[in-house]
Structures are given as C-alpha cells and as structure tokens.
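Okay, so chain A shows up in both of these, paired with chain B first and chain C after.
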Partner chain A sequence: MTSSSAASRKALSKIACNRLQKELVEWQVSPPAGFKHKPTDNLQRWVIEVNGAPGTLYANETYQLQVDFPEHYPMEAPQVIFLHPAPLHPHIYSNGHICLDILYDSWSPAMTVSSICISILSMLSSSTVKQRPEDNDRYVKNCRNGRSPKETRWWFHDDKV
Partner chain B sequence: MEMQKQEGLLTDAEMESMTSVQASEVDDWANFKDNDIMQQQSAILAEEAEKIPFVGDKEPLSSLEAEYQSGSIILLEKIKVLSEQYASIRRTRGDGNCFFRSFMFAYLEHILNSQDRAEVDRITANVEECRKTLQSLGYADFTFEDFFALFLEQLESVLQGSEASISHDELVQRSRDQSVSDYVVMFFRFVTSGEIRKRSEFFEPFILGLTNATVEQFCKSSVEPMGEESDHVHITALSDALGVPIRVVYLDRSSCDNGVVSVNHHDFTPLTGDLPADAATVGGPEPINPFITLLYRPGHYDILYLK
Partner chain C sequence: MAEEVLIEVEAVQAVYGDDCLVLDKYPPHLHVHIKPRTADVSSQQFVEAVIGIRAVSEYPDEPPHISIIDSKGLDEQRQKHLVTGIHNRACELSSCAMLVALCEEAVERLSSMNHPDGNCPLCLYPLVEEDADNKLPFMKLMSCFHCFHCECIIRWWNWLQTLKETDSTNISGATLHVSGEMENQKGMHGATQESVGTCPVCRKVFHAKDIDHVLALVGTHSQLRSEESDVSDDKRLLQSDSENIRRLKFEATLKLQQENSGLIEPKKNEVLLPGTFLPQPITHPSTVSDKETTEQQHADQVINAETSSGSPSDRPSSSKHRYSGMRKHQGRNSREQVKQWIRKENDSTN
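Entry: the complex of A and B
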C-alpha cells in the first residue's frame, strides 16, 4: 500500500528539497540517539532504524520507520509509518499506522524528522503493555484500499502512553 | 466513495476537511457521536472558508452593515459608530491564521504606502533579534531560516526603487499565493513562539488562564502549528517582538450599562528598547498611535482602514 501512496505523490518543491538536504546534513552530524538513517538516493523517502530504549518493553528490539515527504514539506506533515512488523503498542496499528497527534493535526513546520523520532521513541518507552489498539482490526480493514494515515480522522484521547 | 475519485487532486487543506467526512463512512452507525457531527460541521465551515481568498479586496464598511441587516440591532448600531472613524474593511480567510494574515498584509501595505525606510530598518533589526532568540532557545537554523528569508524578501520588495520592487496589486497577489502567504504566516508564528518562550515567566500566568498547558506545550500546540487561532497572548508577543503597535477594535454584542452604544478597542503597545519585561504592567511606555488596526469579531480578525 505504501508504494501506491508514494507513487501518487508529487515531487518535492524546490524549497522542500533544500530544506530536506539541510535536514539530512544535520541528521548526519547529530542523529537522535537510538536512530539510524539508512542511506538511499531518494531524498523524498527516508527509512530509519529505531532501537527500543534500554530498560523499556522494547529494549533490544529494532524496527523500521518509513518517512515520506510531501511536495510542500515542511508546511505539510510527512507521512510516517512503521514498516512490517510494527511494534506491538496501544497506539500503533498492525499496518504500521501510528496514532500520534504531531503527525497530523498538531504538526508544525517548526518540527523536524529528528523531533518526530524523539516523540515516537518516547511514545514507545512510556508504554506499559505490548498490545494493539482496541480497534485495530476494524481500522486496518478500513485501510485496505491503501489509505494514507494522513487521511484518517484520528482521536487523540490518551496522552499518557 | 468521493475520497477515491478525488485522490491526488486534494490539497492538504482539503484533505483536512476530508478526514471528518470519513465519519459518514464508518460502517458502525451506533458509534456515530455528537462529536462526529461537530467535526462534519467544522468540515463544512472549512470548505466555506476556502471560498474566500486568504486576503480579500478592500470593501466599504457598508458591506459589513449588509451582513447584519436582519440581525442584531446592537451590532448595527456599533457598525454605525465604527463608520464615523473607519472607511473600509479588508477581509481575511477564517482558517485560524487570520490574525497573522491580517497583520502581514496590513504591515506590508503600510510600508508600501509610507515608504518608511526607518521603520524597515527598525523592524529588520528586531527580526535579527528574533533569530537570535530562536537560536538561543535551541531551534536549529534550518527549521526557521527559510521563513525568515521569505519575510525579509517581502519587506524589501514593498520598498520601491529596486529591481525586486512590487506594486500594490502584486502585494495583494502574493498575499493570496499560498507559497508566499503561508510562509510569512509561519514566520510570524516562529517570532511569536520565540518571544513567549523567551519571556515565559511573563506569559505563564496568561497561558495558565487560557489552558492548563505549560508555556512550552502552549507554544507547541497553540502557536507553532498552522491554523491555530490567536489570542491576546499571541498578539502581545508578536507586537512586543517586532515592536509594532496594534489596535484591535471589538465588534460584539456586549452593550454598555448606560445605554450609549460605543465600540471598545484595545491597543497592544510594544515594550520599547531595553525596558525590563515587567515594565508593561507598571505605567507602561508612552502611547503610540498604531498604524495597524484590526477588527475582531468573536473568532475572527479582519483589517480596518481609517477614514
């Protein structure tokens, strides 16, 4: 599904391209702790390795985030999902979609890939139980046509986890 | 499903309004809550808002009167009072950015009309201070520099006599062009956020009065994201950071006890020079005549023009 949504995506605007190049350089100089950018020649799609923080439920586990940038990044939020298999977490669906406000309604151009990563790691680290969201099956079924998580109407009812 | 037919043609703003339309696709109607209906209403409002350009044409104040023709007597009376002092209004889109958008246009238009180079030098120095503020707060340069550059470019272009100079018509066009207009709005959001964080002790009690959030949370959730509406806190911070006085005229249904209809206004007067942050509360600086006047109706700002 992710490849189809990326295929329909427009190329980066000039300003988005410049910004991402700067962001990538900054990432290479000081990557957020626990994350590794896997180098590709595609500036518009980053694949990032996430290591669960020591002392948390996800210690010694490695996952992959896929970040797709829209034409008007950073005015528009990037699309961020976990590649299969997604971590078992009350806010992460089995199709990799993440229920986290800053990826949707609360996105701001002041944020960066790095700040997103830190938020996602903090979300993982504060989890006390390894389980899927209650509505996982219904939601994933509704996404079968390849819907992007950015088209979902998210309810952010719980900011503790 | 409408969603699929239009795929690929949607702008992000439309996408936002689409997300709530999905409520009607939910197969389980028992889960359809009041909240969904409210979301749908806000989607309809968002769609309505997009029919208005970011910045409209100048209209005579009588167009405001026409809006309330079958409505409140108090409002009509107040508009009559307004029309003694003000000649026209310029509307902005009600997309949550209307305060910043109104400020952007009113300020650049003032510079275009006045060609006040001293004012441009003054604000440019303040913009540089804002840049340092953000840096000292830990913002990476690449996150804000494009927005700063775009604002300074607009400022430069409204000054006449260079190759980059633009006419009033072009200023209107640029203010309606999302790739310019939204970047300048975001520039103001950076400036506002930086000022609030820099003087967090000053702003904290006001923010606690609005929400339960910390200064940091407030900036992250109510200042920096596009489309978040502005309150007194935002206006105070922007006015202080740039050193630009702003008059806000209030048009609401409140009436006075003595039965005489009057229209209230509030002047946001920036701190001057190196006055300590708390100087605003004790005495305050000399009154300055604001060259930016905005009309506030609950939830929305437009630009007002003096006669």
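Entry: the complex of A and C
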C-alpha cells in the first residue's frame, strides 16, 4: 500500500549510486547498534530491521523500516516509513509514516542511512507512552491514495514528550 | 630572571601582534592564534588553533603547560599531535627562552597538517585521496572550515539554487516540502533573491562569495557538471572579469609560494631569539599518520587544482566526527530529539 510512489520513481543517478554503495560498505563494516539490513540487489530500497532498545517501551520488539532513495539522493531525503505493523508511538502513524524533522524539512545531504536509523531509534527510546498520534485516523485516511510522507507538509511545534 | 621572561613575552607580542593575547605577563600566560603558512591565501587554510601557553614561576627550567583553547579543522587526534609536538619541543629547550620557539613549532606543525581530514560528508569518499587517479579537488567553507570535494559542494549549491527557482515560480503548497526547508531554516531571504546555501554539516549559512574560489576550480572541470543535467549554470559568475582577475592573483601568489618553498609571508616584525628560527621543515614522529607534506608539493597541487597528498587517509572514517557540528543532531539530548510535528491543516488534498 505504500509502494506506489516508489514504483514510479526514477532510477538512481550515478552519484546517488556511488554514494549508496559507499554507505552499504560502511554499514557492513559497522552497522548502527540495533539494526540489521541484508543487502539485496535493489540498491534503491533498503528494508532494515529495528530492534527496540533494552530498557525502553519497545524492548524485545522488532520492526521493519523501509527506506526508498530518490534519484538525487543525498540532495533529496530518502522516504522512510515503518512497514506494517508500525510501532505504537505518538509520532508514528498507523500507516508507517514517521513524524521526524530530519526526514523532511531538516534533511541535510551529510546525513546517512545510519544516522537516520540512530535518530529513529532515539525517538523510539525516548517515548513514555505507546499510543498513536492524536490525528492518526484523519491523516491515514488522507493518505489512502498511497501518497508519500514526503508530500505531507509537516508542521512542527515543540512539545514535552 | 623575571625581566628576561618579560622581554620574551614582548617578543611573542611583536611577532604575533593581535594574534597574541597576554593573560598574564608573569609568569607568562598566553593565548596565541596560530595559522599554518599559506601565503595568506585564506581559501587554502584548512586548519587553525588557539594555543594556550601557561608558564609557572620556575620557567624556563620548568616547561610551560601547553593546551588547545580553540581549533578549526583538527580532530582530536590531530589536536593531540599538535600539543604533543609543542610539549616535546618545550622539553628539548628546557631552561632556554622558548616562548617564540614554541609558537614557531606550532606554526610548523599546523603547516604540515594543513589539509582536510577524513571523508567528504557528501560523497563519503576521502577528501585527500592517496591514489593519484582518484584525486578530486577539495575546498572548505570559509566560515566554518568544513571541507568538501569542490564538485560535491557545488552540486549542493546548484541544487539549493534550483530549488529556490522552483520555489519562486511554483508556489503551490503540498509539493514544496523540500524548498520549504530553505524558508524555514533561514527565514531571512524573504523577498531578496540573494544566493545563499547552508553547510550540510553545521547548517551555517554561506553566500556565493564563500564558494567563489571553488567555482573557479570547477570551471576547469566542466565535465563534472554535465553529469547531472538539471543543475543550473554558473558560467556568468565563472567568467566574470573580477573572477578572472582574482584567479590570476591567486595563481601568481601560488607561484611565488612555490618558488620560495611556501615561505613568502614575512613575519610581522620578525625577532630572532636563540632557538627562534627553524629554517628546515621539521620531521614528525612516524607514529602519527600525518606524514609530512612539503610546502613545495602543496603549492604544486594547488596550482593543478588537485588534492594535496602525502598524507594517508588511513584514519577511521569517523562518522561521529562528520556530524560533530550538526545543529539538529548534536547538542540535543535524546529528550529534545523527539519533536512533535503536526500537519498543517489546509494541506489535506494533493
């Protein structure tokens, strides 16, 4: 349900390919703690296993992240979503969309898959309550045509989580 | 005794001028801003440091304590190398007047380390590549000293400018998630169309003039730019008169530097004291991975717009280091790291 935009995506540019190959090599040498990724021949989509950190609400739980890279990665951010079932978290919608600034407006081309993973795990780890975002139903309904979270205009305010 | 030491402090002030801050005259406590010898070509300066020299009343029998107050372009390992080098020199010169000599030692060390370290944060390949076939020119942003391959930072620059053009011609809400970034983060360019970019590492804003020196280099590598067809063109800037003049000056300076083994910058009021003058490049302990890059090589390479070499990039690629300045990452504790975003209400359709 979430792959429609990826299917129509343009192939990776040469620069994106080089960069991703480099990231893949570095990942294999030192993957971020708590993550597993088995490289496939599809460089453009990585499916990464996330293990909830010990001592947090998500300890002993395993989830899957799907990372799709655009043609002009790393100038453009990758699309990162949780595959079903997404963890119950105040910033993660039931369709897997993640409300995390670095995936959208705060993306920088100096970030890597590894650094994204670390941010996501830290977001999970700091959660004090397992629940969906307040507007989950409305948002998920609006996304039914399979649109990417990158097309959402995320609007940010500080809070006390 | 104290009188001789006071004269020494004055000597340091004479040589380093405003770059020397005297916190205490006796026993001397100085902060000296040290830069590598780059013939004043600031775009070719990749490192700098403020060195703290703190003597006790037993000085010079007791060597002064050396510390790094501030630095740019130096990771921990290189900072340590610098301090150790100065400290060793202080032990060698024990019971001689050594303050000026220690500063000179720092200049030597920094000159030999005057190249970027680690990987380009954009392509993740080493900035200083040993393999001659793979050499790419690199640059630093003038404000923050973060270093990139020229072609990589130019690609980012062009990307940002393209986004901005798209932004100003196409003001429809929902699809502008990326260009929105620029407005949110800078929140300052508003109606003005001044060209600005952000450092990918620390997000410090930089201007067209900050990468001016790089555009010149990239102009000679035009094939790099055709690789991605949608980047906008900077020919106008590259071929402007002022740019040509600037380049000529730059090349003349480098030629001079090359002919004089890098030593063309006259020291302000040079004072010669015993142990002050270090005419030969010193050799460095081989335990440190910075092998010596001679000034000569350096000048050659700059003229060819090639990466300076002679320094193996065998350090760990240190992704930690790469992100050390990331505003959004670092300096946030895990609690702050999670921020609540809500969607803009009027954005429900697509």
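Observations, loosely collected:
Everything that follows uses one rule, which is that the second predicted complex is superposed on the first by the 157 of 161 C-alpha atoms of A that agree within 3 Å, B and C clash if a C-alpha of one lies under 4 Å from a C-alpha of the other, contacts with A are read in each partner's own complex, and residues count from 1 in each chain.
The definition used in the following text is that a residue touches a chain if its C-beta (ideal position, glycine included) is under 8 Å from a C-beta of that chain, and two chains touch if they have at least 3 such contacts.
Everything quoted here is computed from the prediction, not taken from an experiment.
After superposition onto chain A, the partners chain B and chain C occupy overlapping space and clash. By the document's definition of touching, of the two partners only chain B reaches A:70; chain C does not.
Looking at the shared chain after the overlay, A:34 reaches neither chain B nor chain C. After overlaying the two complexes on the shared chain, residue contacts for A:153 are found with chain B and with chain C alike. Shared-chain residue A:107: touches chain B and chain C both. In the superposed model, A:122 makes contact with chain C only, not with chain B. Judged by the touch definition given at the top, the superposed model places A:78 against neither chain B nor chain C.
Judged by the touch definition given at the top, the superposed model places A:96 against neither chain B nor chain C. Superposing on chain A, the segment of chain B with clashing C-alpha atoms against chain C, chosen from 57-65, 75-83, 111-119 or 201-209, turns out to be 111-119. Touching of chain A by both chain B and chain C, each in its own complex, is seen for residues 13, 15, 18-19, 22-23, 26, 72, 74-76, 105-112, 142, 145, 147, 150-153. Of all the residues in chain A, the ones that touch chain C in their complex are 13-15, 18-19, 22-23, 26, 72, 74-77, 90-91, 99-102, 104-112, 114-115, 119, 122-123, 125-127, 133, 135, 139, 142, 145, 147, 150-159, 161. By the touch rule above, chain C contacts chain A in their complex via residues 121-125, 155-156, 159, 173-178, 180-181, 184-185, 198, 200-201, 203, 227-228, 317, 319, 322-323, 326, 328-329, 334-335, 337-344, 347-350. Taken together, the chain B residues at the contact with chain A in this complex read 3-4, 7-8, 12, 15, 18-20, 22-23, 25, 28, 39, 139-140, 142-144, 146-147, 179, 182-183, 186, 189-190, 193, 220-221, 224-226.
Looking at the complex, you find that chain A touches chain B at residues 8, 13, 15, 18-19, 22-23, 26, 70, 72, 74-76, 105-112, 138, 142, 145, 147, 150-153.
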